[in-house]
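The next block holds one structure in the form of structure tokens; read it before the comments.
Letters A, B, C, D, E and F mark the chains as written, and numbering starts fresh at 1 in each.
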Amino acid sequence: MPMVTIQVTREGTTPDRDAPTNEEKAELIKGVSELLLKVLNKPLDSTFVIIEEVPLENWGWGGLPVPELRRRLAAGQS
Amino acid sequence: MPMVTIQVTREGTTPDRDAPTNEEKAELIKGVSELLLKVLNKPLDSTFVIIEEVPLENWGWGGLPVPELRRRLAAGQS
Amino acid sequence: MPMVTIQVTREGTTPDRDAPTNEEKAELIKGVSELLLKVLNKPLDSTFVIIEEVPLENWGWGGLPVPELRRRLAAGQS
Amino acid sequence: MPMVTIQVTREGTTPDRDAPTNEEKAELIKGVSELLLKVLNKPLDSTFVIIEEVPLENWGWGGLPVPELRRRLAAGQS
Amino acid sequence: MPMVTIQVTREGTTPDRDAPTNEEKAELIKGVSELLLKVLNKPLDSTFVIIEEVPLENWGWGGLPVPELRRRLAAGQS
Amino acid sequence: MPMVTIQVTREGTTPDRDAPTNEEKAELIKGVSELLLKVLNKPLDSTFVIIEEVPLENWGWGGLPVPELRRRLAAGQS
């Protein structure tokens, strides 16, 4: 009966993509379900996984939205 | 003061729809709010309900994304 | 595949209790699962429900923790 | 290490907008991160903030979806 | 910047335990963080993981609290 | 109608405490509710705040539970 919620920023792993691919999402679902089977003996058919894709401007870290945080890091400003 | 979050896959209850209708969402909001009033005496105006619609590929069960799970079940593969 | 999270304050429905009873929790689980079956045709065995009990001091409304909010309301202060 | 999730209805603060602006979201991220620094000494770079924008029809209060609740309030119906 | 929330029932993997052990929780944290590094190139130091342990009576499946669901399954009642 | 969930590790801001104090929680509730009033014109009485205190071993960062992460940082191991 595990419920796993994976929240990630909506961006791709390569420049030509703007979101995780369905293959990547399938890999996350498989990996986390098998992890719970291995560590806590939770059967695969008792595990729910939800992936939430969050727009970059809607995720904050260090007091800044991610795009601004990355802009400053790229400009060498901590 | 209850807070109810209902997460469902973004799909319709009939083939011609690809998401829950506003009427269905209203029925869920009404039903769950009245349930909390009945069971725990929570006034309707103290209950928040949020409905989150999750794309099918972003929901995993049995270690598979829902579309692949359903494809295998339809093909008789457990 | 619905996932329903019900967050309520940890208090009883009668003065002699300090939390919802197991019977009340069972009634909430039954009620919300049947609601999803009725409204969105979601089979009971595909619905997860989680009830989270939140200490009163950890729940805020109107800018105040619930105990202080209730104290002021009882004292006639809006 | 705080994790703050801010769920708001997807609407603008002025009639010409239909969602919070990036500036408003940046202000929320900055404000809540600095609040946690001030109150609990949590460094800014250890605080995640996620803003979730919920469609109006997906948010219920008083047993009604927000659009219907507002329609009734505007019509003087409690 | 992933945020992973793992909700599990508060029970042990062996009869003598009533909750996941710290070693099991560490294994879940390590496993899910490394999964996100492998699949989505998310650095370990940008991934938060929260494990929530839910009392058995607070988790519903099939319209029943888990203890009652298991009692019926054990008694051969579907 | 904002809903703000603040998840923090269950620890005190001074060595003699093992959790946030009620005063600190009240300050968080007040601060975040007033922030939403200021930035998005959300009335205080339409804002819910929930504070979740997470045991240190249940929070992971950098692939490690927080106690182990802090032990390594203190020992100069990155």
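As a working rule, contacts are C-beta pairs under 8 Å (C-beta built on N, C-alpha and C of every residue); 3 or more make two chains touch, one makes a residue touch a chain.
In this text the structure is predicted, and so the values were computed from the model without any measurement.
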Shortest chain-hopping distance from chain A out to chain E: 1
Each chain counted as touching chain A and chain F at once: B, C, D, E
Centroid comparison with chain E (C-alpha atoms), farthest chain: D
Comparison of D-E and A-D by number of C-beta pairs in contact, larger one: A-D
Same-interface partner of E-F, chosen from the options B-F, C-F or A-E, over half of the pairs matching: C-F
Whole-Å gap separating chain B and chain C, where each centre is the average of the chain's CA atoms: 18
Approximate Å spacing (C-alpha centroids) for the pair chain B, chain E: 21
Set of chain A residues in contact with two or more other chains: 1, 3, 7, 28, 32, 48, 50, 59, 61
Category of the chain touch graph - line, ring, star, complete, other: other
Chain pairs that touch, as defined at the top of this document: A-B, A-C, A-D, A-E, B-C, B-D, B-F, C-E, C-F, D-E, D-F, E-F
Of all residues in chain F, those that touch chain B in their complex: 1, 3, 48, 50
Contact set on chain F toward chain E in their complex: 7, 54, 57-65, 68
Chain E partner contacts - residues on chain A that touch it in the complex: 1-9, 13, 20, 24, 27-28, 31-32, 35-36, 38-42, 46, 59, 61, 66
Chain A partner contacts - residues on chain D that touch it in the complex: 22, 25-26, 28-30, 32-34, 44-45, 47-53
